[in-house]
Amino acid sequence: MYTLPSLEATRSISSLAVLTSGGDAPGMNAAIRGVVRSALSQGIEVYGIRRGYSGLLQNDMIPLNSASVSNIVQRGGTFLKSARCPEFHDSDNRRRAAELLKQRNIDALIVIGGDGSLSGAHLFEEETGIPVIGLPGTIDNDIFGTEDTIGFDTAMNTALDAIDRIRDTADSHERHFLVEVMGRNSGFLATHVGIAAGAEMILVPEYAINIEEIALQLAASHRAGTGSSGIIVVAEGNEPNLTAGIAQQLQQQGLTPHISILGHIQRGGRPSGHDRVLASCLGAVAVDYLLAGYSDIMVGVSNGCVVDVPLDDLIRYRKGLDPELLKIALQLHK
Amino acid sequence: MYTLPSLEATRSISSLAVLTSGGDAPGMNAAIRGVVRSALSQGIEVYGIRRGYSGLLQNDMIPLNSASVSNIVQRGGTFLKSARCPEFHDSDNRRRAAELLKQRNIDALIVIGGDGSLSGAHLFEEETGIPVIGLPGTIDNDIFGTEDTIGFDTAMNTALDAIDRIRDTADSHERHFLVEVMGRNSGFLATHVGIAAGAEMILVPEYAINIEEIALQLAASHRAGTGSSGIIVVAEGNEPNLTAGIAQQLQQQGLTPHISILGHIQRGGRPSGHDRVLASCLGAVAVDYLLAGYSDIMVGVSNGCVVDVPLDDLIRYRKGLDPELLKIALQLHK
Amino acid sequence: MYTLPSLEATRSISSLAVLTSGGDAPGMNAAIRGVVRSALSQGIEVYGIRRGYSGLLQNDMIPLNSASVSNIVQRGGTFLKSARCPEFHDSDNRRRAAELLKQRNIDALIVIGGDGSLSGAHLFEEETGIPVIGLPGTIDNDIFGTEDTIGFDTAMNTALDAIDRIRDTADSHERHFLVEVMGRNSGFLATHVGIAAGAEMILVPEYAINIEEIALQLAASHRAGTGSSGIIVVAEGNEPNLTAGIAQQLQQQGLTPHISILGHIQRGGRPSGHDRVLASCLGAVAVDYLLAGYSDIMVGVSNGCVVDVPLDDLIRYRKGLDPELLKIALQLHK
Amino acid sequence: MYTLPSLEATRSISSLAVLTSGGDAPGMNAAIRGVVRSALSQGIEVYGIRRGYSGLLQNDMIPLNSASVSNIVQRGGTFLKSARCPEFHDSDNRRRAAELLKQRNIDALIVIGGDGSLSGAHLFEEETGIPVIGLPGTIDNDIFGTEDTIGFDTAMNTALDAIDRIRDTADSHERHFLVEVMGRNSGFLATHVGIAAGAEMILVPEYAINIEEIALQLAASHRAGTGSSGIIVVAEGNEPNLTAGIAQQLQQQGLTPHISILGHIQRGGRPSGHDRVLASCLGAVAVDYLLAGYSDIMVGVSNGCVVDVPLDDLIRYRKGLDPELLKIALQLHK
């Protein structure tokens, strides 16, 4: 696991609240547990807010003790539930949320979610002054400033399970399968899944794609017998009809490709060991960052170390895809 | 496992061929291995035909020894490959196939596949007199005369893995998911998956469905809080736009359902223990049935016993769905 | 799944209790859920007794409603907890237990467990007259009168997962592994696991074993190169030092075998689809048997049908191992 | 994944050999594939040496082309097979090995294995001048200079699968399980597994352990009801009878603990996505390091970047365990 920071407490916190927001990701429960147990062990009371910012606006909070988070480290989803909350885009609502926290003497807020949720956290902190720490919880691994996010590793393994199965059929029937994996606008998940699956081709939104050329190339190697079957991993963030378009072109070349859209199975499931350790550590350390006086940051991973990333940066910058990784992906299929 | 028959050899066979046909199913490799090892141990030579009836027509056969089937019992797909073969619907082609077998002094044919493939086997036997034994290999479990088919158990587990994951997201976001599972015209797989997944509703082609009523029912229990999230398992064999139709109706009721089509992931993967034992036994016993003088039969399972089923019956009758099973499914969600 | 009985209600039951006893088995939760939901849907109140007969003697019972058994169909273990209870061997204690049930107006008892637990249920019924229905819950599948038990299928798959992994190392290092699987005095689990794993040898307590001969045979095929690596599945019920004895003999022949004792990992985990459907059906049907006037029976599976088995029979007879199955196991490794 | 180096070719290599040595680890096949495909794409011929250094001494090498490594990225073990080879400790044998490589005009050697294997590689390079690159392949993650090793992530997940199952039984029976995980002298694997499993206690060889104190502590929380069941993860590298000793002490306190030794199931299995990507990248990059003129190094991971580590360092230094990680482990169970 990553190198952990050694932080010194400089601020006093008596009570904090934690919520999960946006799409659920495996490991969110482990992160909540990390926050709760770390806080309790340092004398801090913890409230769990249900249904993300929605629950915050509805004052739907429950006190959490050590037993509240027993036996959840291995569960997918989030027991605090999650939701998208357009109302939180409204500044008045954010101010109202701050009032509700103050009424309960809650000193700080920890938000586990993707970049939309963390952007909301940044605005909330800026406007209300309530200290906020964010944790990157998303299977897409598309958050600027961190090399890893809670849920990415599990989602990669889940997609691989599915593709390993699909390959059995692809090989048995000597067919091509176009497999669409999640990742929103990012090809990060698709690239990793593609390399790990030994995919014949990986198509990501970061690079221009020539459908005709791809189809010709696949059809040629199919006829040559060097690629009679194959897996083409397609990131969902590509232009809308990319997958269908390639399938159509392949059909015109006499092939009979299948399309498989993995969809929501990638979001759930028992978190992998990696995600459980990552989430436990980030959750525990988030409390230490709070006590050390930090705010308006996300706890992320950079150069193999757990670090603080200004929430502001997440909004300004977009995470890129390592071109060396794509080069290797290409090389492994020559 | 099922009770195995005790058969006495009455016929002499010096050489047989085996093929897999139609959609691949987990356990087909174990079945081939069962055939090969059982035949060899009884002094019979074995040829493997590649790509089903296509390979037979193309004379694409390879001699198989014990080592040919080492280390495959645990692999999904079929190492002999499979294909659909419209040419085999032509009687002339079937006669030509018989000639090719006779040229190699092959006395008998074992076909592993679904009911389409086994219908072809029946016609082949009827027209050419070459003894044929069929094995039920399909994830759909929709073959008349047998309670079980090779691949069904694995597909049920694979679909369940996916739905258990989806439930994490459904619960976390309090949403409904419409999950479409395979099964062609049969609701057998859907019913089992639905019971095992604890699905809130199971929709199968065997029973009439009122979309509006279903949507109203789900929306009502959503509002009542007793079913704020839920999994609705839909068999693919229902009328074409059933899934989309329900989703639309639910949206009109203010819900935000998701659709997940499991697709081809259900067809591959390491076979379950159940399928490996079933396939090994059926493969081994198929040779015994041949030696005992049987032909034009499928080796299936009835009343918990391995039995012979006339191939003719498969064509004439359609397997029904046990109404008691659906009754239980319903009862478990009251 | 198995053919379900069609039973007619002849007896009135207003309240029943359910408990799990003995070693836990995957699917016990699904069985409890089946009992609870089936009973509730027929207007019967249900109590859950915690920790098996121990809890019964301690009057540790909780009312169960439909929500009590939500979201447990996919969980291993038993949420009612289980225990072994020597006190229940004492007739006075059994009479006291009956009193406690009567004080709560509980009319009947459903016991989920292995043959020890079901023997206790029989004595309890005989002495107190309180109607009792047993369900076979054990990974060993060693109960007389039923072809299947709740948990067996999952345990087979779990053992296979482990052995598939071990085979990677066995092949890579060209070594033999002696893998001990559970099953108490029965070789049922070992035989199925062995066939499904493609084991080179399966050793079960039902048949005499000559250690020296086995070691010589394995060493010979190792030297011949036809069996440079291999998995030998050993049932735990064999004589105490069988596994170690074979390992020692193999070492004397110059081999370097490893021993792997799978142990308790075989008892837990998400139940397989098969076990969930089986447990759900048996649980639901147990209530129907009660209402139809049955008592002192186990609901089991015979000839592919769900049937009633007198509890008395379980005590008198021992389940045997199908010799045809072992014959096939042998044949598949020639 | 980790940041990859950008290397420039300065040396010409026409042919290289690759071997796997020591205990097998999931991902070794992906690493071989990475080496082979990367080399071929850069015009380098590749030989695969079978059975590690043993095969090298026996001149057991096979030419590998792109198809040789098709469809192996997802397989556990190593298709080149592995072995331990005491003969390679002898300098004369190492010189003889160099002669064999020169006779085939093989310019360089890539070794995938643990620190013993890489120490041998270092001596071989020092004495013979043949360029050598090492890749860290071991589930123990105990190699100095690298934060990650091929196989560690998969082994962690495999151990977790087992412990998640064991927890079902531990909870159902309210018992303690002492689970021994691999890791040789290092507590690295045990610590990660323990955190991810939510273990009640983690015992590693890096820190002194007071058996009596531990037993008293566990017994106390058992009696208090706050820890009626529990998982204690024990690293195998602890003093020989630690696990048995704790079990005995717990028995004296009236508890009934079980012992589970996970053993070799942790070494095999389909590699995780993380290990497949890591192995693919390290394999591909190893060729680039060779071409860039490097030798006598291991390609490892430091601060989240793929880097070169002098093989000499591996022999001199021992990898430590991050005390912050253990602190978190402790905190999460308060």
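So that you can tell them apart, the chains are marked A, B, C and D in the order they are listed, and the count of residues begins at 1 in each.
The criterion applied here is as follows: contacts are C-beta pairs under 8 Å (C-beta built on N, C-alpha and C of every residue); 3 or more make two chains touch, one makes a residue touch a chain.
Chain labels with UniProt names: A, B, C, D = ATP-dependent 6-phosphofructokinase.
On a predicted model such as this, the values are computed, not experimentally measured, just so you know.
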Name the chain whose C-alpha centroid is farthest from the C-alpha centroid of subunit C. A
Per the centroid of Cα atoms for each chain, what is the distance between subunit B and subunit D, given in Å? 40
So the centre of each chain is just the mean of its C-alpha atoms; given that, what is the distance between subunit B and subunit C in Å? 27
Cα centre of subunit C to Cα centre of subunit D, whole Å, reads 36
Residues within subunit C bordering two or more other chains: 164, 167, 171
Think of each chain as a node with edges to the chains it touches; is that a line, ring, star, complete or other? ring
Help me check something: in the complex, which residues belonging to subunit A touch subunit D? 1-6, 33-34, 37-38, 40-41, 66-67, 71, 73-74, 147, 153, 156-157, 159-160, 164, 167, 171, 192-193, 195-198, 226, 270, 272-274, 276-277, 280-281, 284-285, 301-305, 322, 324-325, 328, 331-334
Please output the residues of subunit A touching subunit B within their complex, sorted ascending. 20, 23-24, 26, 28, 51, 75-78, 81-83, 158, 161-162, 164-169, 171-174, 177, 258, 260-269
